[in-house]
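What follows is a set of structures for review.
In what follows, chain A forms one complex with chain B and a second complex with chain C.
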Partner chain A sequence: MFAYYFDLALRSLRQNVVLTALMIIAIGVGIGASMTMLTIFRAASGDPIPQKSAQLFNVQIDSYGPQPGVPLAPDFLPYRLDYIDALALMRAHRAPRQVAMYPISVDIAPPDSQRDPVQANGHATYGDFFPMFDVPFEYGGSWGSAEDQSHAPVVVLTRRLNDQLFGGADSVGRTVTIEGDAYRVMGVMQTWRPTPPFYDLGSGGGRYTADDEFFLPFARAIDQHWRTAGGFGCPSRAGIIRGWDGMLTSPCVWIALWVELPTAGSAAQYRAFLHNYADSQRQSGRFNWPARVALRDVSQWLDYNHVVPPALTTLTGVSFAVLIVCLLNAAGLMLAKFMARIGSVALRRALGATRPAIYAQCLMEAAMIGVAGAIVGIGLSETGLITCRRVLPDDFAILTHLRTGDILIALLLAVFSALAAGLYPIWRTSRVAYGAALTGQ
Partner chain B sequence: MSRPPVFSSLRRNSLAAALIALQVAVTLAVLCNALFIIRQRAAEGHSLSGVRDEGDVFAVDIRWHGATAQIPSRERTDLAALRSLPQVTDAVASIDHPLGGPTLGFTITLHPEQPDSLVQSVVYPVDDHGIDTLGLRLIAGRNFGADQINDWSYSSGLPESIAGVIVTQALANRLDPQGHALGQIATLSPGPITAPIIGIVARLQSTPNAENSPLEQQSLLWPALWVDPRGFYIVRARPGEVGAAMNAVRTKLYEIDRQRLIMSMQTLTQARRDAYRGDRAIAELMGAISAILVIVTSFGILGLTSYWVAQRRRQIGIRRALGATRGAILRYYQTENLLIVGAGAIAGVVFAVAANLWLLRSVALSRLPLLYPLVGVAAMLLVGQLAVLWPALRAAAVPPAIATRAV
Partner chain C sequence: MLRMNHLSKIYRTEVVETYALRDFNIHVREGEFVAVTGPSGSGKTTFLTIAGLLEEFSGGEYWLDGVDTRGLNDNQRSRLRNQKIGFVFQSFNLIPDLNVFDNIDVPLRYRGMKGAERKRLINGVLERVGLTSRARHYPAEMSGGQQQRVAIARALVGSPRLLLADEPTGNLDTQMARGVMELLEELHRGGATIVMVTHDPDLAARAQRQVHIIDGTILDLSATAHGETVPAAAQGAQGAPARL
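Moving on, here comes the complex of A and B:
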């Protein structure tokens, strides 16, 4: 039976090759455009640390207060913390793990070589950074809390910097010279590129690529008076800042703080603690406005920072409008085709074909168009993605290839939409009053 | 004359006609907004940097190695050599250029006792050749004197005071809305550093992609020779000689010594292209998708009309036999198409405005000017007429004799 319907459908499709081709191309183009944009959109909005994204929280505190004359959204909170708050929260140690960090840019040289120093970007942070963000190590490991507390000159290198400085050898225990001082290498990371670099957005060069090359203890960087290489914002009450100590005591924000809270209960507790902390700052007179804080997990933090450019969301929406137009197109063509076949359907009905049989025959035809459309669509998506990789900046276009799951989705979408497009015409066709149709009415 | 058969035939094929109209509507809605977004993006890519003839100016990204104490004298040697090259009109050392990356930020105010009066600004350290090299338009006050320039780098700390600053018109207006900023003493932070405002330039972009932020034109020139290990030489070539000038600069610098690395060399036109690459990519994708939409819709019209023509060959033949001219048959299909596409276009204008209202909120697009839907309607009607032409001509070619044949 199946083979017979298949044969019937094939004959019908062959009867008008141009119309069949138009339907297949219409569905293919729609699937191609929408799958291309969906893949790019998903790559841009992917979860950088899926195994832990719900347990890692960024901390925000309203250390700005009302800003007269500055147009800020009512729910605005500073993106980072000032030094006073960051240090207080680190000392309070209310989460199993917490790390403050800020980006720095320094000159690094291997001491045993006459080669020139290289300029490298990295982060000043705490030893907990590595277990907290599941950073994989090639050699050695992270530094511990002892090094954090003693402001030790130690460093963790990325594989890339280790390749550059030590030719990829196990450099643990050796020293590199950073801005003139010797730092002991504690570990060499494996390639670790969370996309986007959620832990400190906007501190790297591009939106989607972390260009960190090394990490070293936060307290050490503060001792060295290394200024942030990233964002630095001040509320109006900061006034004029005098010198390094003036910056540390100012309400200017430049430090990112993350905490790891394994359970919903611990997150709620921490949120309450945070609120109490901000409120205590109000009571002590440092803030003269009501306490406002936020604790956002990784995906909330990415949303809040508009990591997916709104224009990309629009483009994805537009590509689905293309899909709709293509399906309407295919539906119109299919309608014309089935309506024109009323004569042959009437004949088949008169010869004893039941209505379900007519349904099945027509649905088979629609499904075949769908499958063919999907194959064309997948081909077009691949072409589209190759083109996009060329057109889009690197920070958009990484990770853009079609996944097996996507191919399946495209296939289902195409077949389903071909069937949906064919449903009404098929219904009309099968309802034909065959007596009248046969007599040429 | 050809109206009645058009209407009765449309009624019989109402669903297929409605599908075409709906396609036209969605296409129009997307097309209007996509073109509008493309226009806006393109406008941002042509932001006014304030630099005259960007194609004649290039930035040389420099890294010095060796002792930092040597850098100031070496830079003076370099700059003197570059300025004397025949292909070069002027050159300056600075931290970055207006189409480069993130730059040096200071707050500035005329009223340091009022914290609310602090304004963010981006600082370009340049010597007395800065204005000429960049080609900025000095609209009030004067340039720095050669004797007012001090060496400055990230590691040299902040001076207590400087001889003066030159601000952009936009910054001057923020500092003193009454327009009397020139000559007043400004306080810069961190520091604090005090300096009189000695000049005002018409424009100088602070950083690319800041079009919608107040920071866009809030920049100031600071009298300094930038002597950090990381910096830029900005060079203005004689008009049309930028390629030769770039080669000459590279050769000259390597001839002097090899104490510095030339990381890259690009004209500001190229830098602009890089800085706005994301915007352009979005615009290109929008354009591609719009083109696909129009093509798909026109093929849909073509396919369906061809089918109708094939189906109605006998009726067309009968009409021809009864005296209808070829022109009448042609007009019949054109009228039919006009009605369907016209109805779709009217619905499309409504869709376009609705989509625009949604985009207003989600991507801060401004309100769609009326011109776009009007041009869109005209374009859709034209596309419809073009798509229908071939099947309509085929219909007109049906011979009247076909009426006499049985199907």
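Moving on, here comes the complex of A and C:
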């Protein structure tokens, strides 16, 4: 009977092309608006590391203290750590894995000295960075704690930089020249673009996409006096900072610190440790305010950083309201269409169609309208996203693409919506007074 | 074949109850051709829709081919309707976007028959009503008389036990009406059980038996020009489907 219902639905849709087109457009516009906003919303709010997001925690310490005259939110804590706190927490080594990091920008010379050096952005960090964030490798791997401790001149390249420097060949063991010194390549990463780049939001390449092209040991970068290429904030008590050593001993914040805590128990223990550490700084006279710390997992960290602008959440909600309005319109049109067919439905009932058979026939028609609506909606959504990509910042625009999963969601949403819109009309159609419809009385 | 005992049908609103049928008794035997007449609003159509299991009744009994229809659910009524009843309507009620073949196919589809079997039955019934050459034509391409023949073919294709006809010649000119009526008479001679609602006294007179409905109750006029004897063919084929 499926083929029969399909054929009947096709005939019915062809019978009144204008009405059919209006229904498809109504559903298509709703799907297009909601899918466009959903894609943008998800690009901005997706979990960048779903398998571990609840085990990775960003560390914050109130190293600013009260800031008279500066309007700060009551729950404000500096987004990064100063060098003293970062180093102390790294040395304490109270989590199975912990990494400090800061963004740097350096000149890297290709092995072929004929070519000009390229300027590249990257991060100075620890070897635990790679296993901690599940970074996949094309060749080789990360450096180890020995290289961290010995401040070794080693580097991990992204695939893109490796393509640029070595033409995509396995470069593990070869050397590149960074700011005049030779660095041994330990590994080449596969393409890895956590979205958003939660591990150091706002560093270098923007809020939504990481443009890191290399990673090298934190201690090595400190030795080289490479300043941060990212955010650098100071409390009012910082005063004038003199020289590199002045920066390392200043209360200015520029280092992100993450810890991996696999269980709720270990997270609670680390939180207590962190509080004790801050309190010890107060007791030692470094802080003269009550200890305030925060340990936020990935999703909490993204929320705290307002990665999803509130306006975007509102707009996404509005787009779904548009979908509902469109569906109500489609339901009205479907009601008109189905009620105009009362005679035909009554006849089929008289000839032996059961009520479920009538439901099936009408639902098939509604589903076909939904599929057509999905196709229109996906087209409109793609058009909307193309427009968005033209007006949005590049780092964000690159994320706003429909994926296969989105198309499937649009299809299911449209079919489900069309079926939902058709339920009342179908119910009404199946409950008419057949005798009156057939005999004209 | 069709027996209604003390049947009633009441339409209720918040303020008033209206009896469409009241203490309604009728017995149509196997192979009979009964004409049901009566003025407008007398309850003819209500009788026909209840007889066709398109509406439920309020009280009494209705037995169709030995089946007590009280308490049947909607699906059971649909299946019984599909298997035992054929309808012929005044306005033909053909589906305009289906051709003749597909229109006749509708009741067989709901019976779940295989394609080859459906095709055999449809071709057979088209031959009986003389429309084999019109199988691929659409209703709009045919005269009223031809459309009513298609409707009769559709009513007959599933070999129903009872043919219910509602003013089958009401929308036809005299010549076409004669042709349709002759077809019904031919079916009756073949043993079909037919109940025909009509306003036309001349047509009613051609039936084997006339019953008259007034204010929802029945007046059996019995003796007609054709007598009230059940045709021999039908007597010898108790329980067999209506056929030419």
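The rule is simple: the second predicted complex is superposed on the first by the 293 of 441 C-alpha atoms of A that agree within 3 Å, B and C clash if a C-alpha of one lies under 4 Å from a C-alpha of the other, contacts with A are read in each partner's own complex, and residues count from 1 in each chain.
Here is the rule we use: a contact is a pair of C-beta atoms (placed from the backbone, for glycine too) under 8 Å apart; a residue touches a chain by one contact, two chains touch by 3 or more.
The structure presented is a predicted model; accordingly, all values stated were derived computationally and were not measured.
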item	value
Which superposed partner A:A357 touches (first chain B, second chain C, both, neither)	second
Most chain A residues touched (candidates chain B, chain C)	B
Which of chain B and chain C A:Y83 touches, first, second, both or neither	neither
Contacts of A:R348 with chain B and chain C, given as first, second, both or neither	second
Touching partner for A:Y277 - first (chain B), second (chain C), both, neither	neither
Which of chain B and chain C A:F218 touches, first, second, both or neither	neither
First (chain B), second (chain C), both or neither touched by A:Q15	second
Set of chain A residues, in rising order, touched by both chain B and chain C	none
Touching residues (chain side chain C, partner chain A) in the complex	45-46, 48-49, 52, 54-55, 74-75, 78-79, 81-83, 87, 89-91, 93, 95, 97-98, 106-107, 109-112, 154, 158, 166
List of chain A residues in touch with chain C within their complex	1, 4, 11-12, 14-15, 343-344, 347-357, 433-435, 438-441
In the complex, chain B residues that touch chain A	15-16, 19-20, 22-23, 26-27, 29-30, 33-34, 37, 63, 65, 101, 105, 107, 112, 115-116, 118, 187, 189-192, 229-230, 261, 277-278, 281-282, 284-286, 289, 292-293, 296-297, 299-300, 303-304, 306-308, 311, 359, 362-364
Partner chain B, residues of chain A touching it in the complex	16, 18-19, 22, 25-26, 29-30, 33, 68-69, 107, 116-117, 119, 205, 232, 234, 236-243, 246-247, 309-315, 318-319, 321-322, 324-326, 328-329, 331-333, 335-337, 339-340, 388, 391-393, 396, 424
